[in-house]
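Both complexes shown next keep subunit A, but they swap its partner, so subunit B is in the first and subunit C is in the second.
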Partner chain A sequence: MTTQITPKLISRQLSERYQQLAAGMPATAGFREAAFQKLLQQEVPSTRHEEWKYTNIRSVWKKLGESAGETTAAPSPHWQGDALKVRLAGGQVVEPAEVETANYIVCSLKKAFEKHQDKLQAYFAKHTHLQDDYFVLLNNALWSDGLFVWVKRGQTLPQTLAVFFEEGQSTLENTRHLFLLEEGAQLECAYFFTGDSPIHSLHNCITEAYLAKDASMKHYIAEAEAFHHSRVLRTFADVEQNANYYNVTFVLGGHVARHDLCAALKGTHAEAHFYGLTYLRGNAHTDHHTVVDHIAPKTQSNELYKGVYDGQSAGVFNGKIYVRPDAQQTNAFQSNRTILLTPEASINTKPQLEIWADDVKCSHGATIGQLDEDALFYLRARGIPKAQAKALLLQAFAGEVLDYVGNDSLKEYLLARLQERFS
Partner chain B sequence: MLSIKNLKARVEEKEILKGLNLEVKPGEVHAIMGPNGSGKSTLANVLAGREDYEVTEGEVLFMGKNLLELEPEERAGEGVFLAFQYPVEIPGVTTANFLKTAVNAVRQYRGLDPLDAVQFLKLLKEKMKLVEMDSSLVNRSLNEGFSGGEKKRNEILQMAMLEPKLAILDETDSGLDIDALRIVAEGVNKLRSKDNAFIVVTHYQRLLNYIEPDYVHVLYKGRIVKSGTKELALELEERGYDWIKEEVDANASF
Partner chain C sequence: MSKPHSTDDILQQHINSDYKYGFTTNIEIDTAPKGLNEDIIRFISKKKNEPDWMLEWRLNAFRQWQKMEEPHHWANIQYPPINYQELIYYAAPKQKKRPKSLDEVDPELRRTFEKLGISLEEQKRLTGVAVDAVMDSVSVITTFREKLAELGIIFCPISEAIQEYPDLVRKYLGSVVPVTDNFFAALNSAVFSDGSFVYIPKGVRCPMELSTYFRINAQNTGQFERTLIIAEEGAYVSYLEGCTAPMRDENQLHAAVVELIALDNAEIKYSTVQNWYPGDKDGKGGIYNFVTKRGICAGKNSKISWTQVETGSAITWKYPSVILKGDNSVGEFYSVAVTNNYQQADTGTKMIHIGKNTRSRIVSKGISAGKSQNSYRGLVQVHRRAENARNFSQCDSLLIGDKCGAHTFPYIEVKNNTAIVEHEATTSKIGEDQLFYCQQRGIDPETAVALIVNGYAKEVLKQLPMEFAVEAQKLLAISLEGSVG
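And now, the complex of A and B:
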C-alpha cells in the first residue's frame, strides 16, 4: 500500500510543505523564504557535480516513495544504556517534550525558536562552512524539527543524550539540530537511525555544534539498520580555544549514506577527532566527506576511517584538510584503510590537503587490500573454521575504531551489531 | 599414524614434491633435513592444508583418513599441528582470545564440551610454564611485536594447548638463540609420548641435539633420497649435502 511519487509530485509537495512550515513557525519564515527562492534555482546534484562524483544522489532522489520490496533483515535492538532519550519520528520530536534546568536545556528546535531565541539567534545557520548547496537550502527551507541543546558554562550534561531517529514515515525528512556548549561545558551524544518502512526514503539531517573555549563534545553516530533508507547527514562543528570535538561514526547498513563532517578549529589548541567504521553488504553505498579547517595556531586534528566492503557495496572517502596561514604549529593526521571482500566491492578514496602555513605536521595515508590470506590460514590451521576465522580478523580490523568509543555500554552494543554482521 | 605415498605437489606451475614416501608411527620423531629448495617447507604446508599448494598425485592417510580431502581446520581437529616457520602477526586479536577460540573449536570438533574461562586459564597457565612464557605476552596482540624467540615459543604453547597427535615443526630452530632453542626443545620433549609423533623439519643438526630423532630423512629435489638414524644427521653436519647430491644426481643420469 504505497503511493508512487514522481519527482514532479515531490516538488509540488515540497512547496506546500514549505508554506505550512513557514506559517507554523513565523520566526523562521524569512529565513525559509530566502532559502526556498534559491532552491528553486537549483537541481538535485548529479554525478557531474565534483562533490557528488561517486555518489549518485539523483538516482536516490528519483526513487523516493517507490516500494523497496521486502526488507531482508530484522531490526536491530535499540541501545539500552543509561541515557537521556529523545525520539524523533517523521521529522518531529515526539519525546520528551522538554528538559530544562538552570544548567542545561534539551528541547525541540521548534520550541527553542519560541522560548530561547536569545540563545540561538547568534548561532543558528551561522557556521562558516554551511554553504548554499542543494541539501543545505532544502534543509533551511524545509526543516520540520530537531533538537536544541544548550549546556551552561562549566556544566556537564549528566547523562548521555541518546537521539533515536525513526526514519521512513515520510518520503523526505529534513531535521535540524543545534548544540550550544558554553565555556568549559561538556556533553556526550549518540545518534541512532532506526525505522523499517518499506518505501525508499531520504533523511536530510543537519547538525551545528558550537563549542566555546574549553568545551568538549563526544558525538557518536550509529547507522546499524539494514533497511533501504538513505540519508544526507551533515555535521558542522565550530571549535574555539582548547575545545575538543570528537566524533565516532559507524555505518553498518542503510541504502545510500552521505556524511559531511566538518570542524572549524578557530582557537589555539582546538582539537577535532574523527573516527569512522563502515561495514557494508549488498548494494549499500556510503560516502564520507570530511573537512577539517585549521584556522588558529597550534590546533590538532586526527582522522581514522576504516571500511569493510562486501557484495557489491561501495565506499567513498574524501578528506579535506585546510591549514590557514595563521595556523602555525598545527598537527593534522588522516588515515583511510579499506578491506574489499569481493572483486565487485569498491572504494574511491582521496585525501585533499591545502596547506598555507609552513610550520606544520600533516600526514595522510590510504590503504586498500583484501583479507590477509596468511592470517586466515594461520587461524584455520589452529582449528578455527573459516567463517569464524574471517569474523575474528574483521573484528580485529574494526576493533581499532571501536576502541575510540569511550562509553562502555555503547561500545558493547556496537560490538554486538558488528558480530552479528561478521558471523 | 601417517602414511604418505608417492606425493607430488606444485606451487603455481613449479613441481616441488616429486613422489615422496614416508611412514610415521605413534611415539616416533622423524627429522627431515635437506638443502634449500628441496621441498621441506612444501611438505609441511601440504600436510597442514595451505591452499597455494596443489597436490597432483599420491595419497596421505592420517589415522586411516584421507588427509588431503580435509580443510585445514578439520586437519587441526583430527590432530595435525603445524608450527609455522614464520608465525603470522595478527593485530587486534589477543593471544589469549585466539587460544581460547582455537582450543574450543578443536574441542568441539573432537566432541568435547568447551572450556569455560576458569578452566581455560588454568590450562593456559600450566602450558605457559612449559615454554617459560611471560604472562604479559598472552594479553598482547597475537605475535605482534614478538621477538623471534617469543614467536616460536608461542607456537609451542599453541601446540601444547591443542594436544595434537602429529606435530610438524617447520624450521622452528631458525632465528633462535641458544637459550630459546633449549626452551623450545624442552617444551617439545615434555610433550613427547608413546601416542603422538613429531616431524621436525630443519636445516641444521643443532636442534637434533636437543630433540633426539628416531629417524632422519634427507629430502632432495622433492624426494626422500636417504634415511637413517640420528647418526646420519651428524654425518650431514660434518660433510654437508654435496656428497648426497652427487650420489643422487649420478644415479639419476643412468
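And now, the complex of A and C:
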C-alpha cells in the first residue's frame, strides 16, 4: 500500500480523514477547520527551515506507507511495574475506557470533549509556545484521540500512569494529550512507544501539561528500538509558581525521532528539569529540541542530555534557554555530552542562550568525544576484556541520567534495556 | 569637572561625551554618481586603471549579486531596508597623483590621521609599524614600503597590486571568499575600491607590524575595502586594522572582505580594533558593519589567529573564520565585543576542520550594556576525514543593566568519532561584591567597572600587539562609560 503524500499538498485521503473527524467530534469542528485551512497554506518543512536544519523530515514524509521489509529486532518486553495502564493503538485509546473518581480523571480526550468540556476548555491548545508550525497544525486538524488527565487540588494520582503507544497500525497517527494539575496536585506518568509493523509510519504526538501553583509532574518517556516508526513528539508544560515539571527521556532509537520539549516557567520559583539519554545504532536519527522559557523571576531549570552514537546513527541537540527581562535571579543550567563510537556516527549540537535579564546565572556546556583511553586501559590492565570494559564505561556514562528516574521498577526496566544493548 | 553624584549624572555625562573620532575632514572629494549599475562598476574600474580581467571579475560579481537576496532572517539584528541605489560607491580625496613621500600628501589629510592618533611619519615612530592609510575609497599612503621591499615583502594598496602583481592577485582573490559567498561579499566583489595587499615570501618573518587604518569621511557613501594577505611557506606576519568614522545621523554601510592564505608552516595573526561610529544614545546613525573575513590554513602546520575588539558600529555582523585544510593546522579566534545604547552585534567565528590533527580555540567575551543586543554565533564543523580534530570554545557574556540582551548560538557539527570538542558558555553580571570591594578601596564605580571588564576581557586583550592592547583597554572603558547604574 502506498499512500500518496507529497510535501506540498495534503492528500485527498487526509482531507477525507479530517472531515470524518470533524463530523465525529462536533465540539472540535471549528478548531479543526481553522487549523486545516492554515495547513493548506503550508508544506512539510525542509532542511532549509532552521528548526529542521539537521533532520530531514520531508524524506520521512515521502516514505510513509512504504513497506520497510521484515522487522529484525525482537520486540522488547513491556514494563510490568505497578501502574494504571492505558493503551493506545492506531491513534485510539483502546484500554481502559475511563477512570473517574472525585480526585482525578483519566479518560480519552474524545470523551473529555463530551463530558468535561468545562475543565478542558480554558486549557486545550492554549500553550504559549504552541505555534502554528506544520506538525502542530496537522495535529490540531487531525488528532484522532489521546488522553485527558485531571488531578484535583492537593491530590496525587495513586499509581504511576503508564501509557503504551502501539505505533505503525496506520501510516500517520495524530494523538493529543492534555494534563491538568490543579494547585498542589501531583502525578507520575510514563510513555512507552512500541510497535513492529513493517511499514514506514509517523506518529505526531502533542502533549500539553498545565501545572498550577505547587503542582508537580514527573514525566518519563521511553522509546524502544523501532526501525520503521518515526515520531514527532512534542511536549509543552506550563509551570506556575512553585510548580515543578520533571522529564526524563530515554531513546533507544526509532527511524527518525524528533522530540520537542518545552517548559514555560510562569510563576516565581517554578522549576523545570529535563534529562535525556539517547543510545542509537544502525541508521537511527534522534533530534532533541528543548526550550526553557524563564518568564517569572527566581525560576530554575536544569538540563542534562547525554548521547551515545553507534553505527551510522546521527544525533541532534538544540537546547534553547530564554530568560525574559523580568526573570531576574534565574538559574539556568544546561549540559550536553556526546560519545561517538564509530567513524560513521555524527552529532550536531546547538545550545542556545538568549538572555534579557542581568541578575542571572546561566551556563551551558557541550562536549563531544570518545571513551576515555586511560580508563579503558585501567580496566584492561586488570584483566577485563575490551568489550566488557567498554560496556562498563558506557554504562557509567549512561548511569548518570538513569539515576534521575525516581521510580525504581522503571529504572530497573530501563537499565535492563540498556544492558541488552551493551551485550 | 566635579565628580558626578547620582546615576543620572553619570549617564548625563556619558551622553554628553562625544564619540572622540566623530569629526569630519573638509577636503575636496572625487565621487561617483549615486546608485549602482554596470556603468558605476566600469567607472570604478576605470578610475583604478584596472586591466580587463578585473573589470570582468567585478561585472560577474555584480550580476551574481543582483540575483541574491539580502539576508534578513537568520541574524539576530534588525535594521530598516538599505536602498542600494541611494549610496555612493566611490569617494576619494582629490589628489593629483599617488604621493611618493609623505611631503606630497595633502596636509589636511595628514592632520586628519594625526588627529586620529595615526602617525604617518616613519622616522617618528618608536616602534616600527608600517601603515596603509585608507580614506573612504582609496589608500592615501603606505609607509615603510621600501624597507619591507628589501625583504621581498609586498605591502601596498590592493589597487596597485592588481596592476603590479596581477598573477598573485588573480591566483588568490576570491579563493577564500568566493564572489557568491554571501550577499555582502558579492556586493564588495563588485564595487570594492581599495584595501591592503600583503605578500610575505617563503621563509620570511615580517619584522614589523603591518597596519591598515580605515577612515570613512564622505557622506552617503559606503566603504567597501578588500584585504588580501598571503603568507608563503614558513612566513610570518602580524597585521592590524583600525577604523573610525564621523558622526552622522544617517547610517553608513561598510561591507569589507578579508581573505587570508597561509601555506605550509606559515602563520598569520590578524588583529582588529573596530571603532566605527556607533550611533548616538537614541540609536540614530552609526555604521552598519557587514564584514566577511575568512582565512584558509592551506598548508601543513600553518596557523591563523584572529583577534578582535569590537566596540563601535551600530550593527556588527561578522564572523572571522578559519578553514583548517592543512594537516596539523591551527585556528584561533579571540573576541571582545562591547555593545552599549542601541548597538547590535551578531558576531562569532567558524572553524572548519578538514585536515588531520587540526586544532582550534575560540574565546569570545561579550559585554552588553544600555539597550543593546549582543550575540555570539559560531560554528565548529569537523568533517568526516578530519582525524583527531580538537576544539575548545568558551563564550562568556556579561550583562550590565537589565535592558540589554546577551545571546549565544553555537553550532557544533561533528562527523568524526576521533574528534574532541568542548564548548562552554556562561552569562552573568558584574558582582555587587566586586564593585563594593573596589569602591571600599576608593575606586569610583566607573573606574571599578572598567577594571572588572578589563580583567574579564584580559584573555583576549593579551593576544593583541602591545600598542593595540593599551588602546583597546582605553576603548573598553570609554565604550562603557555611563553604563553603571
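In this text, the second predicted complex is superposed on the first by the 412 of 423 C-alpha atoms of A that agree within 3 Å, B and C clash if a C-alpha of one lies under 4 Å from a C-alpha of the other, contacts with A are read in each partner's own complex, and residues count from 1 in each chain.
By definition in this document, contacts are C-beta pairs under 8 Å (C-beta built on N, C-alpha and C of every residue); 3 or more make two chains touch, one makes a residue touch a chain.
Fair warning: this is a prediction, and the values are worked out from it, not measured in the lab.
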| item | value |
| --- | --- |
| Partner chain(s) touched by A:138 [first = subunit B, second = subunit C, both, neither] | neither |
| Which superposed partner A:368 touches (first subunit B, second subunit C, both, neither) | second |
| Larger contact residue set on subunit A - subunit B or subunit C | C |
| Partner chain(s) touched by A:149 [first = subunit B, second = subunit C, both, neither] | neither |
| Partner chain(s) touched by A:83 [first = subunit B, second = subunit C, both, neither] | neither |
| Subunit B versus subunit C as contact partner of A:308, first or second or both or neither | neither |
| First (subunit B), second (subunit C), both or neither touched by A:354 | second |
| Touching both subunit B and subunit C, residues of subunit A | none |
| Residues on subunit B engaged by subunit A in the complex (per definition of touch) | 48-51, 71-73, 75-77, 81-82, 84, 87-88, 90-93, 98, 101-102, 105-106, 109, 141, 158, 162 |
| Complex contacts: residues of subunit C adjacent to subunit A | 74, 384, 397, 399-429 |
| Residues of subunit A touching subunit C in the complex | 50, 325, 328, 338, 340-343, 345-370 |
| Residue ranges of subunit A touching subunit B (in the complex, touch as defined) | 372, 374-375, 377-386, 388-389, 392-393, 395-397, 399-400 |
